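Each structure below is given as structure tokens.
Next come two complexes, and both contain subunit A; in the first it sits with subunit B, in the second with subunit C.
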Partner chain A sequence: MSAPDRRSRFPASQPRQGGRSGDAPLTIVERPATLVQVNARKGRQAELVAAIAKTLALALPDAGRTATAADMAALWLQPGSWLIEAPAGRRGELPGTLAQTLNGIAAVVDQSHGRCVIEISGAEARAVLARLCRLDLHERAFAAGDSAATLVGHVSCLIHRTGGEAPCFRLVVGSTFAEWLLHELTAAAASYGWRFTPAGEAAA
Partner chain B sequence: MTSRRLPSGGLIDRSKTIRFSFDGRELSGHPGDTLASALLANGVRLVGRSFKYHRPRGIMTAGPDEPNALVELREGARREPNSKATEIELHDGLVSRSQNRWPSLAFDVLALNALAGKALSAGFYYKTFMWPKRFWEKLYEPLIRRAAGLGRAATEADPDHYEAMHAHCDVLVVGSGPAGLAAARAAGEAGARVILCERDVLIGGGLLLCPDHQAWHADMLAALRALPNVEILPRTNVFGYYDHNLLGALEQVADHRREPGEHEVRQRYRTFRARQVVLATGASERLIALPGNDRPGVMMAGAVLAYLRRFGVAPGENAVVFTNNDSAYDTALALAEAGLGRVTLADARPQSELAGVVAARGVEVRLGTEVAGFDGKSVMLRQRGSSIGEPIVADLLCLSGGWNPNVQLASQSGAKTQWNAELASHVPGEPVQAERSAGAARGIFGIGAAAHDGARAGEAAASASGFEGKPGFALPHIGRSEQPLVPFWEVKADGKSFVDLQHDVTTEDIRLAHREGYAHIEHAKRYTTHAMATDQGKLGSLVGAAILAEARGEPVEAVGVPTHRPYTMPVAVGALAGHASGAHFQPIRRTALHDWHLRNGAAMQPTGAWLRPFFYPKPGETGWEPIFREARAVRSAVGICDVSTLGKIDVQGPDAATFLDRLYINNFSTLAVGKCRYGVMLREDGIVFDDGTTSRLGEDHFVVTTTTGNAAPVLEHMEFHAQTVWPELDVQFCSISDQWAQMAVAGPKSRETLAAAVEGLELANEAFPFMAVGEGRIAGVPVRLFRISFSGELAYEVAVPSSQAETVWEAILAAGKPFGIVPYGLEAMSLMRVEKGHAAGPELNGQTTAADLGMGRMMKKAGDVIGRVLAGRPGLADPGRPRLVGIRPVDAAQRLRGGAHIVGEPGSGTSLGWISSVTQSIEHKCWIGLALVENGESLKGQRLFAVSPLHEESVAVTITSPHHVDPENARVRA
Partner chain C sequence: MHLIPCPYCGERPQDEFHYRGDATVTRPAPDAGEQAFYDYVYTRANPRGWHDEWWHHYAGCRQWLKVRRNTLTHAVAASVGPADALPEATP
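And then the complex of A and B:
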């Protein structure tokens, strides 16, 4: 007996939209992901970096940065600690694989259900975030690949900017705050309009 | 009432008409008008009554320094008092009313106050309404409020929306006159990120009144708009300058419309974090104190120039311009050009090079002359030093006592102000933060000089933030230098001379304050209320200081001015709250089962940030009925409860067990893998901090649970000790509170229920005993099972990856259906924990020790533990301290109340303790409670009294064990 893998933190699975109908609405997308936190054992950070480079071809980034390779990413969390982001399809397998690979090198903790990744993009993405967050997200101050832990809409978030010309940010938020954050984002985007797409369900 | 609109000129659109009303009269104006300019154009002279004396007042200024023209705007829920007519952009359908008059503006009963003027002098309220005391609330206060009543606020909820927005920049420029424009362009062209804030709807400041510089103005605007790194914010008043170059501003997004558009905010509270700030805030013209200087028809000379040049309005028929400086000559010329009947210029200075120039254009010039009075119809002129006056027919008296640089923001930033004798005013001193003032804001007057100064400031600010570049644009030429002004504060003559029109403070009030000992400027200010109104004394603050200085026999600069504080202009609290009101007031946290609870009729209850099910009432159930039903189901069969809000922390590493041994009073290194144990954690001071169960999943892998409220504090506590106290420990931990949803399945039928749902784990008592931990699957979802109990029944907790919570919850409900499983909420859970005698929030109250709660024996014999040393202090170790006990009424029909005191005899003044938690027991069929009672252990079985003086109750009670149910703890092991 196997249940469908419900990946969304939001009750309604249908896309929604709201706010003013303008030309540059904010696009909000829930990104289903496999999220694994790795915390290096004392004095084993170099081994962790090497092991992740070898197994996942990811160069664990420095403080305040993210690293990406193929369909994976790594976000710096705190000294010796990173969050690995992989496609949602690996939820069943990756945490266990990493726990084995990193045995004795790092603590491996599945956070796939504990964090929700919300991507926001659109010409006014920065203007919307300026209503919810006090960081300077201008391209000169927060380049592609930069990340920061901060408050967005009064709740703790990890924010990072993806590559590409158009402003696109990802917010990693505690999943019990996901609906609140969406509520804040859509309110802040009301004068531009917004569209929201929750994560779909994967087949059982 | 005649139209005073000039046939041409100004920045208004005469081709369009705007309809508005004032005190019920339908009037019209044009786009580009303010409410004040439209009222003046319609010939409205009287716009309000003064605060204290109810003297008739007219429009005096054209900006935020307006003391008189305070109006009530709009209607219904949007009704708003105390708006300055000079600051309101006229819009179609605007409803405005005068304030502070009763019953009508023209006939005001309280104007009689003016006759009793002597009695209403400075300190009047302190002196008069002190006795008899009982008269204050019933008589004096309502009377004063009625008389003062500056407009009426709406009583309904505000229908509009507000928001806050934060921005960063290299250079923030405040003010868009010649200095601000030049600074913004210089910094912008150097490559800096620039934000330019302008209070007004139009960008340009003083340039708006200078037709000669129109081309340069237009060119500057076009150049700034073409720079992508420059943001221009009109209608944005910077109101405060705080530490670390943080500035606050209010953007009036939609105040110029009848109501905001759909999805549009009315106002936006903005904050800026700027590397460098250029304050190009200009200057404000100051008043001259003279009898009748508050009459309708008295206006500031600069304001009259604004009405003529910007709004195409001539505010009078015959005018006298009274000045001590050159700036008012422009006003005199503009009045003459506008074709007024007679324009007389009285200059307090004995000589003026400009006399001939203005005389040639039809202005009558009187040098060495002062104005000794004004009654609304005629101006009394006299030679300075003479007592013989000459009345001149004039309905407009324009005043200019010189210009005060607007140093408020510089002063707020921490810079001291300096006295500038040439201007007879204060200018900003040495910067304390990364700011500089430019143009008139630092006493550099004239379009050309200010523009040059602004360009220099912009260049320097850009350079200081890392952007080099010389301004490459043309600047207006620097005009001729002005003739020096003569400091001139007051014309001493009979009658009331005002220094603060909004608060009705006269020169005599200032002198009275001095005579009565309030000689310090800060004391005089508070005693007289001078400069404490919404105009912040922009017109007369310095004049009042000069009069105080004279009374003290000292120069003005020795007296100083009161401290400048935010806000430079009134800001509605609603704007500061931004959008954080109603459903956006504070974050709401939802468990993964939140929507199931809503769909199934749960009554939700805020607990901290969470919303949790209180109970799930069935149709027709009231009061305690759903709680009793849910609790009975658990005690007799099985129930399921969402306990996902518990804090969960994953702890790993070779030193994980050692780490936990040092955090908890009991040991975890002795815990077997696959088992869990209850633990108690102390604060450093020996008081109980938190409790919960910790499970050992592997040799070096634990899961700690915390109480809901302490999830974050316990993690912080761990971080602090791991990072600073025991950095040598190899331990890793992180919150997994959101990763795992958790549900309690409790009741005698819980094993059978779970046995039907769980795959891969044997649940028989021997295989999975009390305090066992294991893994299995429910509905195909991998789950963790813990055999722990909060209710006191046979019970399990099931942890499930949170996205799958509903699937598992539903599967357990289905498996429990044959046994009558019910979901139960917080209230039933609380009822059962009081019955069982578990300590919770009311007992873990930050005052109790482990021994107080009956858990003293949990403290390990050896090894250091956080809190051990201080828990041994005599006060905390005293065996007589209040101890946790159970309590029941002697008469089962009587109720207990939380908070009631425990006493030996009714009427005793000695409290032995208090009731911390109560409930109605379903097992005992009466109220029961937990209490903290001195020597409680030895009082068991004794009869005491629970008294609640608030309810005038005294209930005979028996002290019992806190375990009202199953004290042998047999059920949980069944």
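And then the complex of A and C:
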């Protein structure tokens, strides 16, 4: 079992800020996480749903939704396939545990290094995303717990809205695209101002 | 922006999809002969009006879809998953 990896996906992993100084800057935080993709094997989806409910107390959600339980979340990816998000501290243990539990039922792929979670919040978070993403992210169309795989700044992203009053979105993006996406986000947020906190700097 | 309804994700912008060809052709039997395979690979009808097409939702759910699209108006009458059949009649 390896130690949890808290290294940032951003080479110059220093907190940064920029854009116009305003009242409502965009807050961009890299969230270290354990990400495990589970793909049901042919005809075994019901067993996968039951096994995840039993071992992680997560009810795998329908298309376009997320499910949360304690400190974990499940995001729908495509028919028969979900992404499990857990705290970074479980990186060394969770993928192996799931692979053992779901042996024969689902393919289990550790994506903790392959994907990166970027959380953006602030009063203008929706306005910034509207410059990069074609989906309607208004509350009535994209409520808390909704998720969608789409293009953000020409990059394939899994975007989901977390619970709570203030607009707060999480983007799951390929690690090698993370820096490009950050650049797009900061450029789009320049008129409001932005603050970026890489992993390791954020409260663990 | 042209919207394509995905049976899994709902209406999505067209730039999340790739066009993947005519969904009406079926592979001939292995012994069907050279002409049958030539037609299968190259010969297309290029219809004006309703047409069944393969579209790949590459930036969304990554599924291949069968979409019935009007080549004249771009209207989409139906879309189904790769293993499902499009409805017989078009409204």
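Throughout what follows, the second predicted complex is superposed on the first by the 195 of 204 C-alpha atoms of A that agree within 3 Å, B and C clash if a C-alpha of one lies under 4 Å from a C-alpha of the other, contacts with A are read in each partner's own complex, and residues count from 1 in each chain.
Note that a residue touches a chain if its C-beta (ideal position, glycine included) is under 8 Å from a C-beta of that chain, and two chains touch if they have at least 3 such contacts.
Quantities reported herein were computed from a predicted structural model and do not represent experimental measurements.
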Open item on the list: With both complexes overlaid on chain A, does A:Ala188 touch subunit B (first), subunit C (second), both or neither?
Closed with: first
Task: First, second, both or neither for A:Gln37, with subunit B first and subunit C second - done: first
Open item on the list: One more residue to check, A:Asn103. First (subunit B), second (subunit C), both or neither?
Closed with: neither
Task: First (subunit B), second (subunit C), both or neither touched by A:Ser13 - done: neither
Task: Which of subunit B and subunit C A:Arg134 touches, first, second, both or neither - done: both
Task: Per-residue touch tally on subunit A - higher for subunit B or for subunit C - done: B
- [ ] Name the contact category of A:Ala149: first (subunit B only), second (subunit C only), both, or neither.
- [x] second
Task: Contacts on subunit A seen with subunit B and repeated with subunit C across the two complexes - done: 134
Task: Interfacial residue positions of subunit A with respect to subunit C in the complex - done: 63-64, 77-79, 134-135, 148-151, 156
Task: subunit C to subunit A touching residues, read off their complex - done: 1, 8-10, 12-13, 15-16, 58-63, 81
Task: Interfacial residue positions of subunit A with respect to subunit B in the complex - done: 1-3, 5-9, 11, 19-20, 37, 39-43, 81, 106-107, 109-115, 127, 130-131, 133-134, 136, 138, 140-141, 153-155, 174-177, 179-180, 183-184, 187-188, 190-191, 193
TODO: Note which residues of subunit B are touching subunit A in the complex, please.
DONE: 163-168, 193, 262-265, 271, 273, 579-580, 583-584, 586-592, 594-595, 610, 644, 650, 652-654, 729-730, 732-740, 759, 779-781, 801-804, 806-807
